[in-house]
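Each of the next two complexes has chain A plus one more chain, namely chain B in the first and chain C in the second.
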Partner chain A sequence: MSMPELESAGISETLIEESGEAPASTKIEGRSPWRLAYERLRRDRAAKISFGVIILIVVLAIAAPLFAHITGHGPNQQFINIGENANGGPVAPSGIFWLGTDNNGRDLFIRILYGARISLVVGVLATSISVGLGVLFGLTAGFIGGFVDTVIARLIDVMLSIPFLILAVSIAYISGPSLWLVIAIIGVLSFTYPARIVRGQVISIKGREFVEAARALGAGPWRIMFVDILPNVMAQVIVYATLLIPLAIVAEASLAYLGVGVPPPTADWGSMISDASGYYQYGYWWFLLFPCMALLITTLSFNIFGDSVRDALDPRGAGIYV
Partner chain B sequence: MTWFLVRRIGQSILVLLITSIVVFLLFFVGPGPGQVARTFAGRLGTAARIAQIKRELHLDQPLYLQYSHWVWNLMQGNFGYDFYKGEPVSTAIASAAPATISLVIGAAIIWISYGVFTGVISAVRSRSLMDRSFTASALFFYSMPTFVLGLSLIWIFAYKLSPVTTFFPFHGYVSFTTNPGQWFEYLILPWLTLALVTAATYTRLTRTSMLEVLGEDYIRTARSKGMKENRVITRHALRAALTPVVTLAGLDIGTALGGVIIVETLFGIPGLGWTVIQAIDTQDLPIILGITILAATFVVVANLIVDILYAVLDPRVRLY
Partner chain C sequence: MASGPKGDANPVPATAADGGGDDVLLRVENVVKYFPLKGAPFREKEYVHAVDGVSLSVPRGQTFGVVGETGCGKSTLARCIARLHDVTSGRIVFDGQDITRFSPRRMRPLRREIQMIFQDPIGSLNPRRRVGSIIGDPYAIHGLAAGAERKRRVQELMERVGLNPEHYNRFPAEFSGGQRQRIGVARALAFRPKLIICDEPVSALDVSIQAQVINLLADLQAEFGLTYVFIAHDLSVVRHVSTSIAVMYLGKITEIAPSDELFTVPRHPYTGALLSAVPVPDPDLSDQRQQIILAGDVPSPIAPPSGCRFHPRCPKAAPVCVAEDPTLEPRLGDGPEHPAACHLPMAEGENLAEFRPSIAAEERVEEVEGSLLPDGAGPGATDTAGALPARREGGQP
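Then we have the complex of A and B:
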């Protein structure tokens, strides 16, 4: 309500006098919770820095072919003569190879940039699958309740009881590893976390007055589920999605480290670290250090940003990293 | 209480049954008809051997019969035989288990004590420099993939500092009964790796839970009685704040006992996780199945124990 309306209602004088603030010239602006959250996020320094780093990583990943063009080194191109030392080992960072080369004489910098593509694609797509499935199952279980809820809850228990890595490694091994399989495995196996969160939220929301009001107005179950309840759990879903991305990236790197990730010669941080683990002891520190740094910086910035998003969307919450 | 126990145990058995069906479908039905017997026969299996295996595993019978034979054997402790050495899977599991148990229990002691200690300090000195550094380092280690941390520790302690410290072996395992001193030396780095990665969650959880409890009325009452602050924190606040930590610890330990794949692979510890990775590499199906089912059992049992403990410790939990 703006000031003139308040005045015409004849209550503005008393209101302003009592509160002792809000001079008559200020307009009261209606701001949605999303807008408030966005403004909290904009004031958060950690959020700004981590978001900047994420954008930088995305830009570098997109621009990978550009750098390949500038340096003249393809991601899978082997430089037998200049990319390997006399013993066939990696060569140190220099003007030609900015971050050195790997054990096959390939440009480490270019491979790290191309590896970022895999990490980001897996992180985002696997998270989309798990959040999509999680919302679907959580919403259904929480809203319908009863038998359906029991079945879905037991299904989640089963998924949680089978160790993720054993299952993922055996499936990947049996069906032959590929990028899409890795995305599907991580996405499907991690839907349990968002599903549990959404289910709990839906159960607490579905008894509220506005849902009763919608029902009294004649809204069907689909409408109530997707129009009335879903928007109210979206905040939690977004928080979970941002925090699931780094987990998916680590899961992908772990599978690659164990040798069942995206098949070679595709550049991938996990398999690069795995390759480097047989070389770094002999003085080839850059081979291990740079892929590790790339992976750590990526997961760290997603985690910091995810924490800030949570603080912004739920200011009453734990708010750990103030 | 009895009814609660019966119900809860029944639930766990149901979950285990469904898990076994899922695992059965994945490994027996997933690869397609005929494939399983061929896999079991190994790479050099003859036609006669394949036919014999089909008979032995009842693969020529309908699915529900195959499944019930398999589960019946499992329940009698017969996990099958590994097809390279031909020894029972239960023997392989029994010889791998002590390494995993040593690794997990040792690491759990470190991660719980470190996590609770830093969490309590962070909550009591909330927003101090110490709180900030503890929470920042928790976020750092939480973001760190296990193999990155493990490789960094090996690099620093086993290579970079090797002239200074010569006591950090980093590959292999010596059983406690053989040589307790070496057992300890070989496990220091694996313990640290597993503990640091896991402790982050405990720091955060303890901090949140402590902050919540410190705002309760009975803490104010305790303080206004003139009780010393140390006592208020250790006797009144910490006890209440630890409940969620105990829950998480139970679940984490249960999950880890099923095999700590990355840490065991990294440090060459012949535990359950290492064994399962070797088995996957050689397509040793009986071992993969055995360890997967065993790991699932650990998780389900840990869940059960935690729920029962919760009900016993906290009278507010409704037993239904």
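Then we have the complex of A and C:
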């Protein structure tokens, strides 16, 4: 879903008048369920603010090299003379280092911007893997049913019973940490949740009369799966995906915190928090606070936006906040 | 009765249901459909006896009504005929072809000839697709027309069933119940099929809309020479549209008769009870006549009663009804077009309310295992039916 004009002011006010004044042209066109959800989303203030913040984070992450250029500080550049105090510790925020430096005398602001890149890439790609696998397995299990369903359902049960962090740490430790490995681990290990949701949805939709009608018309299983069933599952999948992104970001930060994330010296929020936790007690508050704030704001925005998407796609409610 | 799906096939003669002997489009022969129940792993598997030995034949160009209470298996029968369910046993012969075991691939060309209209005008249309593509589905699936040609044909269909062709791009949620049912009719009509199975097509609609949809179906039948299997639980609707009517009870056909004959000379006591429950518009007349109130509920289709399945609730039940399953054959000198499955059929003008069942109390209302006749069963056995909670049957939903 793209919503470029989401932030432009005044749209929500004019929308109601628009839909009320020009019924002749819009009514015959017919508004799709997606279109209705999008319009509900546009009227939702929480959605607009959280989406604006997400866009801001994405822009900042993309523009990280630009800021590095402006400040003249590379993400892994150590400023031993000006970036460290007499004891070799971080220096406080100033005109030179906007958010201070870290324990190695590197610019914290630039590193947080570069860390956002890792977080977003992991969040989006891991979620894509998770949702892709989830749809694949859920659709197969729910649609075919019987033995296939039993096998997949048991597989999901087994995967759910494995503690995520222990398995992830073990795999990362054995094969050596890397960005792609972290994405794969998070994506593959979390496919069980979307798979369960899709499976349940498919089973309930499979029994609906419009699926029987398609069969009575002679539609084959592929057509029924992808034309009749999948579009009705997508709303749930999208909601789950938006809520899965912050979970993946936190999971990546957790792995990094435990030292099995993206290997150093790459800037990463989780490893920054991990490093900072040893310095906080000596009064270097900025070193811990700013990476934590970055993580918190990002995950919170995605969560709030995900909730709004769920409300907007909910076929029962009008989903408009009063 | 936890017998396997192939067990106790009822020897209902297929010929018994052949009405008139005209050109028969659809013949259903002894069709059985059991659904397995998910049970505990080490228990004997149980089955829902949804359809249990149904035979009927539908002449070309006519409307064959099927009535029965909710859960009597009429919708399952419809889905078996449309080959949406595989039958457990029996044969379905369409236009001279035995289609019972056709693979989906072989069934594909036949889908153009057998179509279905569904009960739920909301559930039978995909909420995420535009009406134009829903009605165009038949063309898309069979590759019959594409692009502008498909749109033109769909709009023709929309016009024919009384929809505004300009609403091509709307979504099902933007239509009323009656309009949505018209969409379903248009979709079924796209192939110009020979047979349309209407599975309670109007029971979800307002009474005023019911008439519109029924009239539409009748017009289309005259225009395209369609044959309908019309399933409903509303006797007055079925009587209005059908040439002949089959009454179903617990997965079996109890009686088949030409529409008017069924209403004037019902043979099966169940038919009699259903007819007595049809509302009469005149309140004076309604007060005069005697309603037959059947005791108890429809027994479980998992373990249906022995013998005649209606015996636990039948006012005329006798020991023979418990012991023997009556065959569907003409009774009391009726013609071959009017078979009934009853050992003690009703004579013309008989008042069912005067009868008391002559079977043991434990054989009545509650489910019965086995067919053993208990001692002391005979005329004048204790009457408990009156003490049981009574319930009106049939008639309006």
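In the analysis below, the second predicted complex is superposed on the first by the 286 of 322 C-alpha atoms of A that agree within 3 Å, B and C clash if a C-alpha of one lies under 4 Å from a C-alpha of the other, contacts with A are read in each partner's own complex, and residues count from 1 in each chain.
Just so it is clear, a residue touches a chain if its C-beta (ideal position, glycine included) is under 8 Å from a C-beta of that chain, and two chains touch if they have at least 3 such contacts.
All figures in this text were calculated on a predicted structure; none of them were measured in a lab.
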Putting chain B and chain C on the same copy of chain A, do they fit or clash? fit
Using the superposition on chain A described above, determine whether A:A63 touches chain B (first), chain C (second), both, or neither. neither
In the superposed arrangement, does A:L258 touch chain B (first), chain C (second), both or neither? first
Chain C versus chain B, contacts on chain A by residue: B
Per the contact definition in the header, classify A:I55: touching chain B only (first), chain C only (second), both, or neither. neither
Contact-wise, after the overlay, does A:I304 reach chain B, chain C, both or neither (first, second, both, neither)? first
Check whether A:V151 is in contact with chain B, with chain C, with both or with neither, and answer first, second, both or neither. neither
Scan A:L160 for contacts with chain B and chain C and give back first, second, both or neither. first
Distance floor for C-alpha atoms, chain B against chain C, superposed on A, in Å, equals 5
On chain A, positions contacted by chain B and by chain C: none
Residues of chain A that touch chain C when the two form their complex: 28-33, 208-210, 212-220, 223, 227-228, 231-232, 315
Quick check on the complex: what are the chain A residues that touch chain B? 154-155, 157-158, 160-163, 165-167, 169-171, 173-174, 246, 250, 253-254, 257-258, 273-274, 277, 280-281, 285, 288, 292, 295-296, 299-300, 302-304, 307, 318, 320-322
Given the complex, residues on chain B that touch chain A span 11, 14-16, 18-19, 22-23, 26-27, 30-31, 127, 135-136, 139-140, 142-148, 151-152, 155, 159, 204, 207-208, 211, 255, 258-259, 261-262, 265, 273, 276-277, 280-281, 283, 288, 291-292, 295-296, 299-300, 303
Considering only the defined contacts, which chain C positions touch chain A in the complex? 79, 82, 84, 104, 107-108, 111-112, 114-116, 118-120, 123-131, 137-138, 141-142, 166-167, 169-171, 173-174, 184, 187
